[in-house]
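In what follows, chain A forms one complex with chain B and a second complex with chain C.
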Partner chain A sequence: MFLEVKNVVKSFQQEQVVKDLSFGLEAHKTLSILGKSGCGKTTMLKILGGLVKPDSGHILLNGNLIDEQSPSDRHIVYLYQEDLLFPHLTIFENIAFGLRLKKMPREEVNAKVENMVHSLELEGQETKMPHQLSGGQRQRVSFGRAIITNPSLLLLDEPFGSLDTGTRQRMQELFKKLAAEFRITSLFVTHDLKEAILMGDEIAYMRSGQLTVYPDKEGFIRDPATGVQDEIAFWGELLPGSSNPL
Partner chain B sequence: MRVNWKPFVLTLVVLLTLFPFVYLVLLSLASQWRFPALLPGYFGLDNWRTIWASEVGLVSSFLLSTLISLSVATVSTLSGFLISRSVAYHPRKRLLTLFTYFPYLLAPVVLAACLSYFFLKLGLFGNVTGVIVAQFMITFPYSLIFFSSFWSERTKSFEELVFTLGGTRRQAFVKVLLPLARGMLLICFFQTFLISWFEYGLTSIIGVGKVQTLTIKVFLFIKEANFYYGALSCCLLIFPPVVLLYLNKKYVFNKLV
Partner chain C sequence: MKNRRLHIGLLLFVLIGVLPFVSAFVYAVLYSVGLAGVVNDGFTLRFWAAVWNSGEFLRSFGYSAGIAGISVVVSVSAAMWLTLQFKRELQHRWLSFVIYLPLAIPGVVAAFFMVQLFAKSGLFSRFAYHLGWIAEAREFPDLINDPYALGIMLAFITIVTPFFVLLFLNVYQNERVAELTELAESLGANKKQVLWRVTLPILLRKTWTLIGLYFIFLLGSYEVPLILGQESPQMLSVLIIREIKQYDLSKISEGYVVAVIYTIFVSLAAVLLFYRKKSTTDAG
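Entry: the complex of A and B
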């Protein structure tokens, strides 16, 4: 396993937010994690990114124990629901930000950023400031800024939560394309059922701090706790003539 | 026909606003102006020439005030910015914020009287360092309160993002936090400079007359009933704030709007 999480526990005061979290993920795969608000998804991602210290448990990345490593040494990028583009930097400089931190030579930075701008379909926007872009374009820049640093693991915390349905769909397609192109290993947290099924190679459900990873998507769909059955029943009642896919 | 009063009222308001400043400049150029004379006996640059005379000491007061205010504004803005971060993310944030209001519970003169014993013991009574420290005690809490709104969850997320992108704490500060706070830093510098520049009560007690800032000088001239020098020193007193206001408008407000 590329990522191994073993018995991670985290409490805030009296409340246990993450309970005995254990799972694994192969390299270049995406694990979708579905869960309602406040179930501990964000805390779990922040623990993996080194932004929150767990009370107990271990995290191994590519066989190496990373419990004591600082966030900047983990090569794990955490992407928020908000795009968090730096308002004082142009689109080009936002994408180049991680490379500039590593003091990469200027020519190399320029070549990589130009390539990324092309992959993100943002040609001609490089000199603009973040406030001049649409929500979808901003989120694309945010992806580019993270992926260009070639992270070992990408943590996405409801990245399309603030986008409209059409933009959301286009962004889902773009992410699938980028994930394949740059061979990304990622955890994709969402509270949207359809998005969880679409985006993940594997799928998991988080409830009150406990994570259940399903062996396949069918297992996830059949589990009444995930809400998929309710969704199917709803659409079945609305369109009585249609056949139940399961 | 209905009369439109708006232009007249606006002109009157502008004239009333500008009158004290224009009158100050005129008064600084006048001398020997006694009742019932309608015009001053002398009108020229004589008073301004005396600025350079060492016995009046206006230039030295102006330079001393500039030095004190620049020191106070620089130190309190930078330290306030850095320490407000620790206060904002501290578990006892509310209690610490409550403490920052403490210096404003007392009038500056009363605060100075309370502090004078400690300043005397520390050898800070009647010297420039003492005045800078005393004024810092007023401007630093102001700076802490001013920057408390900057350290939001969003700012924290920016910082964390820099860390996960491979950046250090120093890089997060230099490359993200300082540029983000640039406008607020300039406004805070401007405000703390003004607080220090016009500070009278604390300065007069801790400085014990030995540290003669321009504000102290203005009050001395007014006490001596020397209106012409008083007006002159007032002109000098408002000059740096006007320059700062212009710079703020040009480089900060226009970009914030």
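Entry: the complex of A and C
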């Protein structure tokens, strides 16, 4: 397993937010994680990213224990729900941020950023400031800025939650394309059932701080706790002629 | 209706905000070139030449700019450090009250406090004496009316630092610097890189106009340098008032010359500050 999480526990005061979390993920795969608000998804991602310290448990990345590593040494990028761009930097500099930290030669930075701008379909926007872009464009920049650093693991916390349906669909397609192109390993947290099924190679459901990883998508769909059955019943009632596929 | 209200608002602004200032400035210009004033009898540039040749204005300007510059730099640095170091603690009610308190103290009161605390006969001098650090009051270092303007700068820093703390705290929250810090760390930035590449640029970019305006405000400050400053050189406002209130009526015009030069400088600086702010806002 590329990522191994073993018995991670985290409490805030009296409340245990993450309970005995254990799961694994193969390299270059995406694990979709569904769950209601407040069930501990964001805390789990922040623990993996090193932004929140767990009370107990271990995290291994590529066989190495990373419990004591600082966020900057983990090569794990945590992407916020909102398109959080650096407001004082242009789009080009936002994307180049991680490369500049590594003191990479200027020509190499320029070439990589231009390539990423092309992949993100953001040509002509490089000199603009973040507030001059639309929500979808900002989210693309946010992706590009993370992916260009070639992170070991990408943590996406409801990245398309604030986008309209059309933009959301285009962003899902773009993420699938980038994930394949840059061979990304990621955890994709979402509230949307369809998005979870579309984006993940594997699917997990988080409930009151406990994570259930399903062996396959069918198992996820069949579990009444995930809400997929309710969704199918809802659409079945709206369209009485159609039959329940399961 | 909306247009009419806008016109009335504009008229009131011109009447209250612009007209008195412009009238006073025109009067000062006329006085400085001999076209107004009791003893003046016609156009002349001799007052301008006298001010320029005496060198006192330039000395006073340099002295004022130095004091204002050091005070602003120290205040901004201290406020930045306090904000970043104690941002969580500063949210507590009693601590935020402690920060607000100095903002309510007028400059003249702050200056008197400085005298009571730092004069040779002041509180700290007495402490130093009782602790055996000094044998008599005159051994206490000059901090009031001193040649390095330490008293003035101390008063300015005491007055201005709390304002910048509140300003930086506000920008820190509004610009979501805490989240951007986490993001930068996640992208591989260490603490130093976060400070220099994220925190400081964001906080200073949002506040540099106000920092510039505070420099102008301190440059023209009157009460504090009047009470805590030395005889010569004096800060600009003190020099201007001294010249204008002279018994020698011919010197009054020279006071107006200094006032005109100072007004032009400050107006240009303010225009430049806002022009640059607008252009950076337009560009992002």
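Here, the second predicted complex is superposed on the first by the 246 of 246 C-alpha atoms of A that agree within 3 Å, B and C clash if a C-alpha of one lies under 4 Å from a C-alpha of the other, contacts with A are read in each partner's own complex, and residues count from 1 in each chain.
We adopt the following convention: contacts are C-beta pairs under 8 Å (C-beta built on N, C-alpha and C of every residue); 3 or more make two chains touch, one makes a residue touch a chain.
Computed from a prediction, not measured in an experiment: that's the story for all the values here.
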Q: Put chain B and chain C onto chain A via the superposition and say whether they clash or fit.
A: clash
Q) Between chain B (first) and chain C (second), which does A:Phe182 come into contact with in this model arrangement: first, second, both, or neither? A) neither
Q.
If we overlay the two complexes on their shared chain A, which of chain B and chain C does A:Tyr78 touch? Say first, second, both or neither.
A. both
Q. If you stack the two complexes on chain A, which partner ends up touching A:Gly98: first (chain B), second (chain C), both, or neither?
A. both
Q: Quick one: classify A:Pro130 as touching chain B (first), chain C (second), both or neither.
A: second
Q: Classify the contacts of A:Ser70 with the two partner chains as first (chain B alone), second (chain C alone), both, or neither.
A: both
Q.
Counting contacts the way the document defines them, which residues of chain A are shared by the two interfaces, the one with chain B and the one with chain C?
A. 49-51, 70-72, 75-78, 80, 84, 86-88, 97-98, 100-102, 145-146, 149
Q: Would you mind writing out the residues of chain A in touch with chain C in their complex?
A: 49-51, 70-72, 75-78, 80, 84, 86-88, 90, 97-98, 100-102, 128-132, 145-146, 149
**Q.** Footprint of chain A on chain B - complex, ascending
**A.** 154, 157-158, 160-168, 171, 175-176, 179-180, 182
Q: Please give the residue numbers of chain C that touch chain A in the complex, ascending.
A: 175-176, 179-180, 182-190, 193, 197-198, 201-202, 205, 283-284
Q: State the interface residues of chain A toward chain B in the complex, per the touch definition above.
A: 49-51, 70-72, 74-78, 80, 82, 84, 86-88, 97-98, 100-102, 145-146, 149
